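Supplied in structure tokens, the structure appears directly below.
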Amino acid sequence: MFTHSKKLQYKAQPEKADPVMARRLQDILGGQWGEMTGMVSYLYQGWNATGYDQYKDLLLDTGTEEIGHVEMIATMVTRLLRGASTEEQEKFYNSGDPALQAAMNGTDPQQAVVNGLGAGPTDANGNPWTAAYAGASGNLLADMRYNVVRESMARVSVTRLYHMTEDKGVRDMLSYLMGRETQHQLQFLQAAEELEEKYGVVVPHGTKDLENQEVSHTLYSFSDGDASRAVVEGKTARDGEPFKYHDGPLISDDLQDVGKTIKEMHNTEGQEENKNN
Amino acid sequence: MFTHSKKLQYKAQPEKADPVMARRLQDILGGQWGEMTGMVSYLYQGWNATGYDQYKDLLLDTGTEEIGHVEMIATMVTRLLRGASTEEQEKFYNSGDPALQAAMNGTDPQQAVVNGLGAGPTDANGNPWTAAYAGASGNLLADMRYNVVRESMARVSVTRLYHMTEDKGVRDMLSYLMGRETQHQLQFLQAAEELEEKYGVVVPHGTKDLENQEVSHTLYSFSDGDASRAVVEGKTARDGEPFKYHDGPLISDDLQDVGKTIKEMHNTEGQEENKNN
Amino acid sequence: MFTHSKKLQYKAQPEKADPVMARRLQDILGGQWGEMTGMVSYLYQGWNATGYDQYKDLLLDTGTEEIGHVEMIATMVTRLLRGASTEEQEKFYNSGDPALQAAMNGTDPQQAVVNGLGAGPTDANGNPWTAAYAGASGNLLADMRYNVVRESMARVSVTRLYHMTEDKGVRDMLSYLMGRETQHQLQFLQAAEELEEKYGVVVPHGTKDLENQEVSHTLYSFSDGDASRAVVEGKTARDGEPFKYHDGPLISDDLQDVGKTIKEMHNTEGQEENKNN
Amino acid sequence: MFTHSKKLQYKAQPEKADPVMARRLQDILGGQWGEMTGMVSYLYQGWNATGYDQYKDLLLDTGTEEIGHVEMIATMVTRLLRGASTEEQEKFYNSGDPALQAAMNGTDPQQAVVNGLGAGPTDANGNPWTAAYAGASGNLLADMRYNVVRESMARVSVTRLYHMTEDKGVRDMLSYLMGRETQHQLQFLQAAEELEEKYGVVVPHGTKDLENQEVSHTLYSFSDGDASRAVVEGKTARDGEPFKYHDGPLISDDLQDVGKTIKEMHNTEGQEENKNN
Amino acid sequence: MFTHSKKLQYKAQPEKADPVMARRLQDILGGQWGEMTGMVSYLYQGWNATGYDQYKDLLLDTGTEEIGHVEMIATMVTRLLRGASTEEQEKFYNSGDPALQAAMNGTDPQQAVVNGLGAGPTDANGNPWTAAYAGASGNLLADMRYNVVRESMARVSVTRLYHMTEDKGVRDMLSYLMGRETQHQLQFLQAAEELEEKYGVVVPHGTKDLENQEVSHTLYSFSDGDASRAVVEGKTARDGEPFKYHDGPLISDDLQDVGKTIKEMHNTEGQEENKNN
Amino acid sequence: MFTHSKKLQYKAQPEKADPVMARRLQDILGGQWGEMTGMVSYLYQGWNATGYDQYKDLLLDTGTEEIGHVEMIATMVTRLLRGASTEEQEKFYNSGDPALQAAMNGTDPQQAVVNGLGAGPTDANGNPWTAAYAGASGNLLADMRYNVVRESMARVSVTRLYHMTEDKGVRDMLSYLMGRETQHQLQFLQAAEELEEKYGVVVPHGTKDLENQEVSHTLYSFSDGDASRAVVEGKTARDGEPFKYHDGPLISDDLQDVGKTIKEMHNTEGQEENKNN
């Protein structure tokens, strides 16, 4: 059960309106690695978790924090859209001035036409957020690793955006998000490390006997050159076994073919010839 | 530039037809973490990479290997669909026998109606594969971490599927895939570790001065209880700084509000009342 | 800013495991009109709202409540998947028993293979939730009407699901959701009515002078028969003007054609003939 | 069964080419609330309706009218793209002139590259139209309410677009659409009102005994402050019962937890520790 | 402008209810090659066409016919869902009888929960129809070829479905659709042939001087073996030039690399090492 | 099984950076008819094919070639993004200069924010590539026809893009692609023709007895005028039978209606009136 305070987690006050930046910021809101992905992934992971209270709580703490980040960025986006005086807004949206029109060409038309100069749950190219981005596997180590990636990707985007504006208010919020994404990377790395200590580094654990061990520690070269050899040669993998390198691809004797199927499938090939029917 | 051999990387020969398993296997082919996601992600990462030949080559080696995994699983799926005698197939697809009909209810109707009893680039619920699953950030450490996740998630799914069949041929191929996904987890962990050695664990590196350092090492509790405290208290984060725990949420004084906008947006609120117009 | 309690809003305890019902319930979680749609729509509407504190608060109250509904249904789904003894689960998922296999054919394979017997942010056919479902227009009356629809559609689905199970625990939760969706329909109808009082029933208001008034109160018949005449004839529209009925379609003199375009578009038609090039 | 006349319902003649406006207009064609959504929703609703000839006919009349609106807007979009002389078009698309290039940056590149300077079934950000937008519930009152929303949202977008152009021809068509959307809002409100008269305002009707009546008329506060109290306090809901307000959230004693599942799911938590395997 | 008659183009009367077949038929309604794809593609092609009245009219005739096919199949689907007596339907949907439950597992749960036992604009796996399936290029020959494919793919699916039912009513409608898809294949082949006569077979025409003619008539072998040689060797291509075969891949001297980019992109590679920052 | 060479199939060297062109080129990479569609379609078709070695090999040759085209275009896109000096890139991305800002408005923000100035598997409007574009029917003739369309549509897009740049390096690569798409159109036309020779032109073949032959060779007019008559009148269809023309639509006596369904569906219509419940 959740409750809400109308105070933001951190201030989201731009110095002035900037509709082009409002478009770009959508990517850390509704993009593949945006805050909505964090929110949905961590909450579902937490709800499905069992057995380790500290990790379940960590996921729910952070998932709940992310709802507030969604709120914060949505607020910033809308303020960047509406933050000019009425006169300036009208001039911007209705004027035929070529320079303003050129600026307007960098905005998201749907932020105006669909959302009434407001944020929407979409990315910087207007793709609606989709749960196809989210991850919640039921395996805690896999999930913690996913979360490290989510925070890494998000922090990369946030940092890139930082350089694309001089607005101190926008930069201040992005600086805050960078700080939080540092903590989140580190906490999820911490949890992953503890789980690796317990269960080993290969996910899922306890399955060594099921796998084909002849191919489980060898890098095969499928591309010309052997530069990748340097990644593994003479090194011990994180699970304690030595890496091997094989200069060339894996290949079996099984020819890629598949049987014919029944005539009711009407797959042309191999069926009786019949020109007139 | 790529070339192809008609020999599979590893044999994909089921003992007998099993159209229900053919549906389930689609998930490791065209699902969120399936082989198509590996193929597209690693190739784009490799193509965009520069500066470290060994990692670029590692990505292209593995991306190319994954095209072969797509081929191998697609072949297995189609053989599971077509691997019965013509008589058995006709009985299965055309009979009114309730038991067979019940079995058929577990199949993917599109594998028959759309693909002519063949594999398609979709998941176990028929969702077409989408590049929204793929990751290629331009930041090598973020990408390597993503790859560890892709291999972890894929290996979890493969292992779950292993238990859902008794077919020795299917299990043999899944066992092979588990082995490869062990290697891929380990090699990408190795690369990630080396990059962390060079640049530190927080992605992207070199940005400490840009971030809000007051919030960069503290776990805030947004959920009741303090079980998550155990994850961080008294511990040192992977970047060498101590973690802190704060019993309660982050909250600012910035009230969530946004300005009104121009009348041309026709946002109801705060505009002149006008019942008849 | 949001906080979370680990207590559910309402109990979500099934009497026993039922993986087929677990699949069906996904529709009110991650379907077009499911709780995720309510959560995202009301929160974005609330964040973008301004000028009427009571409506902004209403949206944020209800949007926050819906996050808890997402949690509650996700919990129910997972309990329906995991609620049998280990022995029964193993028998269900691993047995070759035809009756159990037939039952398993009604389940969502991704709830097992992807989520480890847990809920995911998808619908009953496995489609990932998409923000394409959500609505947040910036116009309060349009949004309130949208919300009435979301609650109506959701309550229809919940009620249909109620009849598909005899499980008292599942029915109890569905009964609770029906109650809340009654309140939500009524509160959003109330808000809509108040806004109509202020601004009139046609959205957006204050635009009568902009529209073509010759066609603004007439029902034209585009289908044979005139049964629809009964909806309008002799009646006064909610804006106080009389409805008209016109027996036949609207039609102008403007022929549907479009000009040719430049040769660089290579649109076949009307270009120079050239067989050999 | 449908037939077609090449005369448009209403003229769609712009004064001059305007490729940027051609992009924006896509939103009322193939966007979430565009004409394709109206067309598909009303037709499916009408085809599934039974029992009330007047409403079935109303849906089919309006759904058929909307096919004509799709045609009309598609025609306008293409004319806005092709409406300049060949010389002007060539200058626009092929010139290196920075001002023209800046203008071109506001256009949809796919209208040229994919459609040959023509309209496509997409929105203003190039998202293909999806049936995920459409609604057809089988419940007439829910459907009529959906239709009121579709027309309200569409009219908001149309009106916003009206202000973004000075072209009299474009404005004339938008003015016409506003008129039709007035009629459609009013006719669907009329139908909804009549159905509410018959069945009551809560959808679906006749289900009071199934629902949890303790929570069916109370607004719970999940956000700080109590501004929303004003929406309900002392008021009677549309179904004749009094609203209640509760200052605080709903909360049960059911702790959010879920059982462990079988080892074959390989969910890390709570399983045997095993570092080396 | 369109008008509608409530008489279907062809009768769509099943002998009896069959909810499993109702699910499968969704594929020729809202699937990739279903009637909605035909309807939308041909209409947009027709609206964008200019210069040849006979082809524009052909596209609009057939596009309009397809709206009626959508109607016809949607009607059949709904009749297959509702065509049993009330008692039988209630037994089917509410009974705990294992055999009925097994049958129900082959149905689409959304046809009940979302559409009230009605058709929806989705495919046999519940994917909503998307305009990503449609084609309208502005080039008439490319479009005519697309249309031949649409009709070929649709007829393959229809024929496969024909074998999956013994219901004479369903077969009668499918037989009708097969007939229409024969005509449509033939008419679009006819149009394509006439356009090829005029402009040559390579689309778009008149561009020979722009292309690299050294590679325009050679089949390169990128897969082992040379079985494909038989397709081209000693044959003359449809444009009158001889085919060539080259035993091996095309390969240039251009190594796949890309430059580094600016530090503000924070792409790890090649940047200054910095462990602590 | 696949292997990779780091040499491109053909050089992809632009003269200079052009981020706007880098956006546009995404359409032939990850768009509906882009190289990813070719790659995935031809490979799946080839893997599912059986019975004709020459066609299976042709599909695998060309599918493998297309992976190299994906690589080549991705390389070109990234070089167009990164091909300026560091100083110029920094000026472009970070400067406040209005002219540069106007240019930047024509770029894809995700190429910077998400991919670090690199190519992604998306189209020119940022839509992620989806397997919904791909075709693999199991019927070889249908597939060969699909492939002709893929190559025709791709060549149309490539040619349009050719005119949108003066860069000799970009034009050279596009010229090469045009050449390959000529060959691919011709080779797939050749294969289609041979299959038509064997099986007849109507897909799937051998089904004449199943279809309704009364409607299989008649063009019905559903749009006003009879311009389409010229396409068929007096002509013989490709299957040797004469075309017929019918001046008016097909229409049956079957009224579009569907039965009521059970009360548990809660479809409003026809149910007992009940205002208070």
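We call the chains A, B, C, D, E and F, going by the order they appear; numbering starts again at 1 in every chain.
Please note the rule applied: a residue touches a chain if its C-beta (ideal position, glycine included) is under 8 Å from a C-beta of that chain, and two chains touch if they have at least 3 such contacts.
Being a predicted model, the structure only gives us computed values, none of them experimental.
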_Pair of chains joined by more contacts [C-beta pairs], B-D or C-D_ = C-D
*So chain B and chain E: same face meeting same face, with over half the numbers shared, or different?*
different
_Distance from chain E to chain D - Cα centre to Cα centre, in angstrom_ = 25
_Based only on mean CA positions, could you tell me how far chain B sits from chain C in angstrom?_
27
*For chain A, what residues touch not just one other chain but two or more?*
1-9, 32, 47-48, 55, 60-61, 64, 68, 71, 75, 78, 93-94, 102, 105-106, 112, 114, 116-118, 122, 125-128, 130, 132, 137-139, 141-142, 156, 159-160, 163, 203-204, 207, 222-223, 225, 239, 249-251, 256, 258-261, 264-267
*Note which residues of chain A are touching chain D in the complex, please.*
1-6, 47-52, 55, 93-94, 96, 98, 101-102, 104-106, 108-110, 112-114, 116, 122, 125-128, 138-142, 195, 197-200, 203-209, 239-240
*Contact footprint of chain C on chain A as seen in their complex*: 1-9, 30, 36, 40, 43-44, 47-48, 60-61, 63-64, 67-68, 70-71, 74-75, 78, 114-122, 128-132, 134, 136-139
_Touching residues of chain A toward chain B in the complex: what are they?_
5-13, 32, 53-58, 60-62, 64-65, 68, 71, 75, 78-79, 81-83, 86, 89-90, 93-94, 112, 116-118, 127, 130, 132-133, 135, 137-139, 141-142, 145-146, 148-149, 152-153, 155-156, 159, 162, 172, 175-176, 178-180, 182-183, 185-187, 189-191, 193-194, 201-204, 207, 210-223, 225-232, 235, 237-239, 243, 249-256, 258-262, 264-267
*Please name which positions on chain A make contact with chain E in the complex.*
156, 159-160, 163, 264-266
*Where on chain B does chain C make contact in their complex?*
20, 23-24, 27, 31-33, 99, 102-103, 105-106, 123-127, 156-157, 160-161, 163-164, 166, 222-225, 249-251, 256-261, 265-277
